Each structure stands twice: as C-alpha cells, then as structure tokens.
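Just below sit the structures, each encoded as structure tokens.
Each of the two complexes below includes subunit A, the first together with subunit B, the second together with subunit C.
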Partner chain A sequence: MSTVPGNELLTEVEVPNRAGARSGAVGKAIDTVIRSLVPVLLALVAGGVLLLILGHNPFAFYSSVWEHGAQNKAWQESAKRMAPLLLIAVGLIVAFRANIWNLGYNGQFLLSAAIISGLAPSLVNDLPLGLAFLILFLVAGAVGAIWTIVPALLKAFYETNEIITTLMMSFIGVGLAQILIKGPFQDPSVNIAQTKVLELDKMLPHIPGTKVHVGVLVALAAAVVVYLAISRTSFGLKIDVLGANPRAARHVGIGVKQLIITSFFISGALIGAAAAADILGVWGYIRANWNPAYGDTVIPFVFLARLNPLVVIPFIAFFAVLSTGGTLATQEVGLPTDFLLVLVALILLFMTVIEFLGRRRSLGQSYLTTGLKDALRPPGSKKKAPPTEVEEKPREVVR
Partner chain B sequence: MTRPDQGSSRRDPAAAAPSARTAAVVELQGITKRFPGVLANDDISFDVRPGEVHSLLGENGAGKSTLMAILSGIQTPDSGEIRVDGTPVRIDSPRKALDLGIGTVYQHSTLIPALTVLENLMLGDSTGLRLDAAGARARLEEFGALLGVDVDPAARAADLALGRQQQVEIIKALWRGSRLLILDEPTSMLTPQAVEELYTVLGRLKADGLATIFITHKLHEAVSLGDRISVLRRGQMVGTLNADAVGSTPPDKLEEIVIEMMFGAAAADLSEVGELRVGGVEEADAAAPAGPARVLGEPLLELVGVAAPGVGTDPGIADVDLVVHEGEVVGVAGVDGNGQRALAEAISGQRRASGGEIRLFGAPVNRLSVLKREKLGLRYLTDDRIGEGIVGNLSIALNLFLKRIGQPPYWRYGSVRKRAIDARAEELCEQFDVRAPGVETRAGTLSGGNMQKVLLARELSFGSKVVIFHKPTYGLDLKTTLAVREMIRQMRDGKAALVISTDLDELLEVSDRIVVLSRGRLVGEVAPGPGAAEEIGGLMIGDVSLSLAGAESAA
Partner chain C sequence: MTNLFHQDVLTALISGGVIAGIPLLLAACGESISERSGVLNLGLEGMMIIGAYTGFVAAYYLHSTWLGFLGGAGGGVLACTVMIVLCVWLGLDQIVVGIAITLAGEGITSVLQGAQFGTTYPRLGATPTTSIPLLHKIPVIGPGLFEQNLLVYLGIIFAVFLTWFFRSTSVGLNLRAAGEKPEALDAAGVSVAATRSWAVLSTGALAGLGGGFLAIVGAGVFTPFMTQGQGYMAIVICMLGRGKPIWVALASLLFGISLSITTALQLAGIEISTDLINMLPFIAVMVALVLFGRRSYLPPALALPYIRGAR
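The block that comes next holds the complex of A and B.
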C-alpha cells in the first residue's frame, strides 16, 4: 500500500456523464470551472509581478504573447503545436485514469520520432502518399506501445512501481533514438547528425484554406474517441474502477493484468502517434539531441482538466498559444524562453493550493485554515478560533 | 490494593460504591458537535463517577464515537462544558486528556507490533532522556497484580493474543495514573474466554475506584456490566438508567426498557429484536430451523485439501476440507487473522489455491478466474467494504453493476445503457432498502450500513447460488444486522452460504453447523446448541495458546 504523488488529484476526477447528479449540477459545474481556471489566472498574475520585478511591462508582454500566438496567421502555428501536445495529453489521460503513472513519454515520443524520420523519406517515395502516412502513423503508434511493454509486464505480473520502470525505459528510449539518428538513419549528405529531410510536398497535407496540417484533426479525433471510450464503454468503466480502487477491480473480476497492459499500450500508442503528427506535419526530419519534452509541459494541464479528454483541449490550446507566442515574446524582451516554464510551474503551484482549499470547502469548512484565521483576527480579541478541522482520513490508494 | 501512581486526588476505595452523592470524575454538560450535514452530538449531558462502570449504548451513528473522541481530545465540542473533578477544562489534544487522567482503549490495537510490551508502555514516558526500564517493569508488575493478569514485559506485542493485547492496552491507558478509562467496543475482537477475562479485569478496576465508560452496541454486555446505562439515539441522549434501577430490575425487564430507549416504543415489540437480546445459546437454538432432520441437497461447494498462500501478515490456509450443501448455512468461526481472508479469496478466485481442489456444483474450478466463478453463481461478500467492495467515486448504480460490466442487457454493442442500469438499480435499492438520495449518489458517501446493503444487493441478485459472507454484519447497527442475518437465513431456500465471522453469537444464530478455523486449518466442527460457544472458544484458542507458550519459552 503506498500513496503516489498525484493521486490526490486523481480522486477528484469527475466521471463524465456518469456521476452527474441532477441536484446542484450547475453549481458543481461552476465550481469545477473555477477550480480549473483560477490557477491559470493566478499564475498569469504572479508571472506578471515577476515580469515587473524584472523590469518589463507585463501587459505588453502578455499582449505580445497573444499577438504572436493567436492573432492574424499566428493561430495556425499554435494549432500545429497542439497536435503532438493533445495526442500526448490524451495518451497520458488513458494511463492516469487507470492509476498508471506512465512517465516514459519522452522515450516513447523520441523513439517513435526517430524511427518515423528514418523510415518516412523512402516510404513516401515508394508508396502512395496516403498509404505511406497510414503506415507511418501505425508504426509510430506501435513503437510507442512496444516501449511500454517492459513496464507494463513488470507492473501487471510483479506489481513493480511503473514510475521507476517507465522513467528508466524513457532514458533508454531517448538514448536509442540518438543512436538511430547518428547511425542507420543519418543523412549521409550532411555533416550534422540528423535524418534526411522530407520534401515539403511529401509532408502531411494541410486543411484546405489554412497552413495547418491534418495531424491536428487526428489529435482532435483521438480526444473525442477516447472521451467516448471512457464515458460510454465497459473498457472506460473498467479503467476507472482500476484507477479508483485496484483491489475492488480484482474483487469484481476485472482482468487486472490484461487491463494494465492494454492501458499502457493505448497510452504508448497515442504518444507515439504524437511523434508521427509532429515529424510528418511540422519538422520533416529529426536532429540528434532534439527533445521538445512535450509531455513534461502537458502534465499540469492534464490534471487541470481532471483527466477529461475533451476538457483538456482548451487547456492545450491555451498552452499552444503561450508557447508559440511566448517564444517570440520572450525573445523580443530579451528573456530566456525558460520563463514560459516558470509560468507552467506557477500554474502547477496554484493548482495545488486551489485543490487544497477546494477540498476544505467540499468538507464544509471555511476556506481559511484555523491558523490563518487567528492571524487575521483583530489584535484586540485574544480568543482563538475554534478548530474547524474535521479529521480527514488520508486517501489511500492501494497498489 | 491501590493502583500504582495514584496521587492524593483519588478517593478512598472503600467509599467507591456508586451513589448519587459521589462526585463525578468527569462531567459533560450540553455537549454539541456538528459535522457537515450531521448533528453528531446534540446537547449531551453525561457523567461518570469513581468506582462505577457506565455503559454507553447506541446504534452505529448514534454519536458514541464522537462523544468518546471529545473526551479523549481528538475532537473539540462546538459548545458545552467538560468538567474534571468539578473544574471546567478544555481537552484539545489526546495528551491533555491523558494529563487530566482520561485513558482510552480503542477498538483496534494501537500497540506497536515490533516493540515489546514494556517498550510499548514506556512510549508515553517521554520525560527526560533516560528510559527508566527498571521502574517501568516494577510498575507493570503492580498493574499485573491489580488486574490479576500476568504479562511478560519482554514479549513482543505482535506475539500476544488479542485478549492479552487488550489487557496491555488497558494498562497503557492507566499507565500515567488515569482515573477514567474509556473502552470502545472492547469485546468485538475477543474470544468468549477473553471476554470473561475482560469482565474480571474491569471488576477489579471498579473495586479499586476507577471510573469506566464502556461503549458498546451489544445490549447484553451493556446490561451485564454497567452500573448505569446511558442510551444515545441520533446524537441525543435518550436517558440514563441509574444504579438503583439497574440493580433492582431483572435483566430481562432491563433489556426491554433499553431496547425501547434505543429504538422507540414501537420497536420493542419487534419480535426479531428479541432474538438478538441475549445473543446467547438458548436464543440461537430457537432461531435455528429443525437441525439434523432436515434433508440437505447436493453439495454445491466442496473444498478438498485446499491450501492457499498467505499475503504479508495475513496467514494462508492448509488442508482445508469443507462441504456446503444446497440449503445449508455453514459458519466458519475463528479469531481474526487465522486465515479467514485466504479461505474466502481462494474460493472466490482472488487468490490462487496452491494445493487441493475447489469444486462448484461438482466441477473443479481451481483454474477459473474470478469472473468465470462469478458467472457460475458464486459470490463473495467481502469483509472490506471500503477497501475492495465499493468504488467510492462511482454512483450506487454503477457499484451495483461492477460484477457485470459489459454484459447485456446493460451494455449493448460495447456501449453502456444507462437507463437499463438505473432502472434495475432503483429496483434493487428498493428491494434491499438502500437509503440514499438516488442511485446517482456517490457510493463513497453512504454510511456503512447502506454500503453493506449495496454490496448485498450486488451479491445476492443476478442468479447467485453460493455466497461467501465474510464478516457480514461487522460494524453495522442492530437493525441492519438483523436484516442481514435474515438474508443469510433465507439462503437455506435452495442456495448455499458460507459465513465467515468473528462474532460467535452471529454464527450460533444463523449456522446449521460451525467449523473452526485456527492458524489456517479447520480444527473442528460444532453443531449450535448448549455449550457450543464454549466448545468453539476452546477450539479457537487451542492452537494460539500453544504457539504463545512456544514463543514465550523461546524468548
């Protein structure tokens, strides 16, 4: 029995279309919206204060982010950025809902990306383009899925902690990707360690009238399909049961081993597909030591969306705008692009705080803790506030 | 004889006979405690005097635990006053409670298993750097003499039988000179012999002038042990029967009065309540249907030499031979932690049997999964409602259907049919009397009793034939308990039941025959009847005491 970081959040997951009690549904929805949006707003405010301290005008900075990320044609760049982010987010949601902490996304992503980059140049020339893309997406998914086999089997049969095994496999995957890029997939015609560059007309086609590749549609479709699978099918219910109470899953006769392996595979496959969308849609090649670490930035939004694949879409859109617009905006004012990671970290921080306060409130207590109340009390009254703590049982997740 | 470490504040033991004139050790006045949506304690006044046992009786959720938590410093009341020796005090931490002389023995052991008895006792002596082991040993000896028990200071807590552990807990509660001892459901985990010992210990403490609050939901315990009896109902104090009344009323009459206090006037007529009143052997005899004369059907569940591994501290089972016939209710008695869970899980399929053969309806099922056995009609009502029975995040409706995920007509073409599920769930909730705002209510918000009803609805419906009941009434209030036992009795109608319980009264009441599980083996079989409880008790502890003797001689 052990508690895993993050399951605090997981226990709050709303089951879509399922637990939706009629009474107070609106209030509950508002509450959920507040709990999701307030951390983002607070992070922007705190980031603004930070900008002020650094001697920049926060309003100018944020409007510059908006200008470079969403206005005119910039939204198309952001939309393209969404494709890999959303596919990874949905992949993580499948695993996280089952209480499986697949933290090997970087290895799964980069290994798929390397293999796709290596195979694509010859495939798109030898096969009809549509078929080539289909095969490449399937290969990418398969590579991502295969890279979860070791953690999946170890967890299913020996209850090995997947946080450790997926991280280890991630390092191996990243390393293996470098070997592939510098070895068999190296473009012999250039001196830099990178794969052969796809010709522009051999990349994923654009959505008519835009410069946004169709990979974005694949990602949106994946989000909808996973949402339906989670909310409507027996598979979705099974992973929710496994995620919420693994002992109950065993007790009610769910094939826990198969389910762990299946969830891992789906998660890995979606993350692999993210690599295909990004390489075939945006980059056309992969360079050694390139690691966008999309997964790391996606995780806070996955939790803000309460592991709901539809709700995560606007959050990912927000981050896509922030990262495309922010990259330019930070360069303009001479900040390192790492400032964007500071914003993400602030979101994570405020999310934790809001979650804690929300938990207090749903227990019927005041938003303020006893200590805070005492501190805020006018100096005249010496009386201590009566403790309002309800003894809260630590939530346990049996693993 | 005086208890060790008792200062001058204690009254002369000779004058300890309870009377209205004796000043109370602890007095509660107008205690109110509110939780979100619940008024746990509503204006409760209560006192306990030196040299008396004050029984506090009430159903689950009546507010007993809250009241105790307030006295032991875990909760603080919203309003009301607590007086110790007439002085108003504020008990805002368990340490404060101990400082004021209030010691509590909780239902579940709080001893640290890896430490010895003496080390456990010295944990509270955190003044100064040096541990005074010699002094502590002498103190323990004094306490041992006072309680009339012989505790080996060097024995590891984990090696002690539950009854002995509880004696150590009592000593721990008194260790720093308590004058009030609170016992929370002290008999729930004990063998009949250990209960007898507890009674003796409490008698001696009483004679020594200690005030005791005895919290229970078992009527016969409250009546046989209490000098005064107070009854709580829905957070309110219904009343207190004083010492004179308790002393002068015959036990039968007293129980009737108390039942009326617990459930209201109408409930006293309920015939079923009578069955539970004494919980003794005679009542059980009356409840059991015609014994050996009844013709049994085919064997539905058979275990031949079954062995299953233990998990962690939970022991396994070995060489278990057992047959449950159609129309039969077989009880499995035993002290908790003697392989009950391994037995239940081996049959249900949650744990792979490492030897022997398990047959359902004559066919071996060793290799079948939980789900396949379930489809044959085998059900397992788990003892761990929250831990593995219920998924708290999900609705009642879905919890009712967790064992038939993906099956028609509730799932069609891979898609859930919410309306079919909700309709059937509503029927089941009505049939099993689940009290909830609706089937969409999150199951985790239900009370223990309603949760158990949800589980019963799940296990007893949808074509169940053989049901394993594991501690089916543990922690439930009297009314639910009665309902559950009635459901078990109804299994005789063409089905079969295996009832695993640590509550001997319950097994005597519902079982056709009782097997005794000790250290993972079946050590005997007993038919309910006069003397059965004692016989089972002997079988239950037989092996345990042997092992204890072995451990002590080894030490």
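The block that comes next holds the complex of A and C.
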C-alpha cells in the first residue's frame, strides 16, 4: 500500500474517494466487495420476492437463468453479449469520470448500428474482410462521436445541461436510425423493414475453438486501453481533474472546452464501436424498431465498478449472464423480458442506499467521483458529517 | 382532401394537440414545482408510466374516468415516495435515483400488464367531455379548445393558479427559497426537507395524473413504454419555460401539437414518414435549446441535497 505524498491535487484525483474505516489492504478489499456485491444480492432477493408475488418460483427462475446464461455452451452467448455492453460501459466511464452525463447512448448506439448495417453488406464484398471490418469499426466510432457534437459544444461553450441535450439527441438519433433502415438501407428483397443480412462467413470471425466472435476481444482491449489512458496518461489526469472540479481544472491551465469535447467524442466513439461489434458479430443486420437499450442496463454496473474500466469487466460478465439467461428464463415462465429492467432498477436503488449507509459508516470507497459528490452537496460543504480526518488523509494509489 | 388548411384537418390538429399537450402540461408543471424547490426529478418518465398504468387499471375496473385519474395520481405519488425518502430525506444522488425510478417504472408496468392481461390490450370507452356553452360552436378552434374532458380545463387553470402560487403565497415563497437558498429557509425556521417533500409529492401526483390522462383519455389503452420519452420532454419544457407555469403551459400545448401532427397529416392525406414526425418534438426542443435555452435559469440549489449545518 503505497501512499503518494506531495502534490495534493495529483493524489486526490488518483483515487477520488476514499473513506476507509477499516485499515489494511484486506479490510479495504472486503469493504469494496461488500459495497459492490450487496446491492446486487439485495436486488436479486427483492426480485425473487416480486417473482413470488407474481406466482413464480424464484429459485427455479434463477437456476433457469444460470442454465440458459452460463452452463454448457450458453456461456458463449453471454460472452457475445458482453462485447457491446462492455464497450458502452467503458464509453460511459470516460464521460462520467469527466463529470459529463452522456445519457444519449441509445441514439449513439442505434444510429451507428443502422449505418453499419447499411454499409457492411457492400463493404465486406468489395474489400478484403479485415480492412472492411477496420473501416466499419472506425465509421461506427465516428458516427457515435459525431452524434455527441451538439451536446458537447453546448456544454463546452454555454454550459447547457448535457443530461437534457444528450437525451434529446438520443431520441432524434433513434428516429433517424429508423428512417435510414426503412429508407436507403432497406433490403429490397424482403417486405419487412430491415437491412440486408450479412452472410455468416462475412461476419466477425470467431475466437478459435469457440463460437465467440472477436468483437469481445476488441471490447476487452478497449477496456484495458482506456484503463491505461485513465490511470497513466496526462489525459486521464486531466479528465479526473475536470470531473473533480471544473474551476480547478481551468485554474491549472487545462483547456476545459477541448477536454469536454474530447471526452464526449471518446465516449460516443466507444458506444458507436459497441454497435459495430454487436451488428458485425451477432446480428448481421438490423430491423426497424429494434432497440436493445443496452446502455440503460449498464449504468448501475458502471457505478458499482467505481468508474474503473477493469473492475467493470466482471460486473458486465455477470449482467451478460443475467441478460442472456434472463431473456430465455422470462420467456419460459411467460413474463415480459422487461422484468430484467426491474432487476436493474433495484440494483441502482440498493446501490444508492448502500452508498448512503456506507457514507455513514465510512465503508470503502464511494461510487461517485469527487466532482459528482461535490455537485450533490450544498455549495462549499467540503467538510461534511463524516469526520474531516478522512478527507485530509493522503490518498492511496490503487492500480 | 389534400389541403392542410382544410377545416377538419385544423380541427383535428388543435383537438389532438390539446389532448397530447395536457399530460405534458401536468408533468411539466409538476417538474417546475420540484425544480423550484431544488429537486431535479429525472424520474418523471417513470412516474408518468406508473400513473398511466394505475390510472388505466383504476378506470378499467371501476368504470370511472375520474377514479382513473385519481388512480393515476395515486400511482405517481407512490413512485415519488421513493424519491422523497432517498433524495430528500437521505440526500442521495437525484440523478441516479431518477434513472432508477424510470427504469423500474417501465419494467414493472410492463410486467404487471403482462401478468394481468397477457398479450391483450383491453380498451376503455370514450371519455365524457364538457362543452363550454357557445364557445364550442366556434368553427375550427371550438371543438379543440372548448369541448374537452374537464381535466383539460382544470389543467390550464392549474397552470394559472401555479403562477399565482409561486408569486403571491408564503408557501410558494418557501418553496422557491428551498431551491434558491435552503440555508435561509432553514434559518427562517421552515423545514427544507418538509418543503421539498411536499413539492416532490405534488410532482408525483401531477406526473401520475398526466400519465393517467395519457392512458385514459389520450390513448384509451395501456401499452408498455407508452410514454415514449414524454417525461423527458416535460423536463425540457420546464427548463425552456424557466419554471414559469404560463410559459410551461404554452410550450406544452405547442409540443402537444407537434405530437399529434401525424394524425392531422394523415387526415390531410399527406404521406410522410411517421419516424420523421416522431422526431419533430425533439428536434424542436434542440432548436429551442440552442436558440433560447442556453442561458436557461435553474435554481442554484437544484439537485443538491440539503444537510443542515453543512458548509
């Protein structure tokens, strides 16, 4: 456990929140695990109670989820589901760390998905496959990034609330995607509003020995790269400073406007790449009115992972199992798959409650960046109820 | 019938616009109450969809439009108690809890609807309307504005009432103080938590009522996800109206018209992509935000939990 003395700002942003009451690495690890896992467990229990009320056996349901999501070869489906979820999660992490609420993920995702599905059929035939995939991923990233441009500029220059603007752009993006699917990208040979289906051998190749496409590796690589960028580069330091305190960021000479726009772009690009991974790896086409809303379900896990791109991986893996297994399990018992949304919402609610109790008891780390936490306090309330001694302790660097 | 300015088309446009605008008006007025008291209520969408469900169920089983409205308001109140406890009393993150309420609302109503009705979507009959004597006979605007459900008039009256309430009552002043400078309100001996709780409670009731109106009068049926982002639109309308209820009401009706324009265009025989039409309100919001909303006024203490003695 190394503590970095000296530059308070630097150490502060390395680990935005630490209020550990227990001492030692083991105790701290236990705290973190408790804080991260208890909300999930509570949500599963509450979801089970809800199932009982609806007249289903929760144990049978959850074991069915496990059976369809992880056992035998089902884990491969879950692994495939991880690719878009993880890329979106990492994209959200970049934005959230900079204290930017990019809630326009659905529009960014679907618009990229529509454009990729439209371009892919001709590109994979005209170009060498590898090059085509590279171009498609870049296009997807560019589309996602471009879709954040209006909220980014408004936020950077006029400080317009990005929650509202990204949400609005999201609705517009979803609509535009439908227009594209029904219009220029419509497959003329079918009557259903959908794009041309990619042939199986023109989709992303599988990892040898499995049926999991390589998009999952792209997602894992993105998580590692973003982790390194956040923890080892000046860019990561800058967005953490921005997230912690925009005024301080301006004060130390960070170009806040460019940084807001850059963070928005990276976030949008990763979410766009998620669409490419999902379309090229799993579906091969897109149908009108298809909206998996992956982003909505990813949010709680991003927070539970404390905005850490590596820690989020196991959470996403967990949710991928819950999601693939849950979809089949809900269909089996005749529930709408939206039951999974309830579970996700319960995780979010329990997370905030545990967070509250944790703040009371100084359990482990908080899930919010200092900036977000400060934004939620009355102005100037740096020294809050939990003793100041915690605030003034030198922060540790967790790698 | 390809003339857009044909009488029937305009009548349908205004009438549909009012019906589509009232849920927005109620929810946006509700949001302005809670925003003025310093609580950013992102769960509005969830409260609306829960209100739509409970309102529909009440109207369906009790065979009464008004009990349906009551049920809708009740559902909204139920949903917002979560927000009151977690955000106002415990001071937790309003954005995260808001998102959670929206997700939970969408999920639970879909699950309950599935458990109750399976894949069928029973319809409610037409709802009673109240005609205002003489005025409803005015061509074009008469049927749209003066021959509507009683709640339409009540909603518009409520917006006027809210203006007076904010400006001229001591409770309204307390409410604004809770959003502007909660410390001052506390020092004056008024509980910030209680003020904000009542504000969020009325937001929930209004959003639920709006959702109920949407399901009972607007659609006559409950379908999962039927609010389709209207809660978020209401939040934007509230921002654009800068918390002034009259402007909020006018903006709601304008957005209502852009929501109902599809039907009017179909009447006019104009073929246009419904996707494009559905995007219009959001494009309108973005344009309005770019042009007017850049310096939109928000209460300084918005989204900040109040902790006594914290500095």
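What to note about this one:
Going forward, the second predicted complex is superposed on the first by the 339 of 399 C-alpha atoms of A that agree within 3 Å, B and C clash if a C-alpha of one lies under 4 Å from a C-alpha of the other, contacts with A are read in each partner's own complex, and residues count from 1 in each chain.
Heads up, the rule we're going with is that a contact is a pair of C-beta atoms (placed from the backbone, for glycine too) under 8 Å apart; a residue touches a chain by one contact, two chains touch by 3 or more.
Bear in mind that the values here come from a model prediction, so they are computed numbers and not experimental data.
In the superposed model, A:Ile179 lies in contact with subunit C only, and not with subunit B. By the touch criterion defined above, A:Ser234 lies against subunit B but remains apart from subunit C after alignment on the C-alpha atoms of chain A. Within the superposed three-chain model, A:Gln331 lies out of touch with both subunit B and subunit C [touch as defined at top].
In the superposition on chain A, A:Glu355 makes contact with subunit C only, while subunit B stays out of contact range.
Contact comparison for subunit A: of subunit B and subunit C, C touches the greater number of residues.
No residue of subunit A touches both subunit B in one complex and subunit C in the other. Residues of subunit C touching subunit A in their complex: 42, 82, 86, 90-97, 99-104, 106-108, 110-111, 113-115, 182-183, 224, 229, 232, 235-236, 239, 273, 275-276, 278-279, 282-283, 285-286, 289-290, 293-296, 298, 300-301, 303-307, 310-311.
Put simply, subunit A touches subunit C in their complex at residues 50, 54-55, 101, 103, 150, 154, 158, 160-161, 163-165, 167-169, 171-172, 175-176, 178-179, 182-183, 296, 299-300, 303, 334-336, 338-346, 348-349, 351-353, 355-356, 368, 372, 375-385.
Listing the residues of subunit B that touch subunit A in their complex gives 35-37, 74-76, 78, 92, 348-350, 369-371, 374, 380, 382, 384, 387-395, 398, 402-403, 405-406, 411, 414-416, 418, 437-438, 440-442.
Residues 11, 13, 15, 17-23, 232-235, 237-238, 240-241, 244-245, 247-248, 250-255, 363-365, 386-387, 390-391, 398 of subunit A are the ones touching subunit B in the complex.
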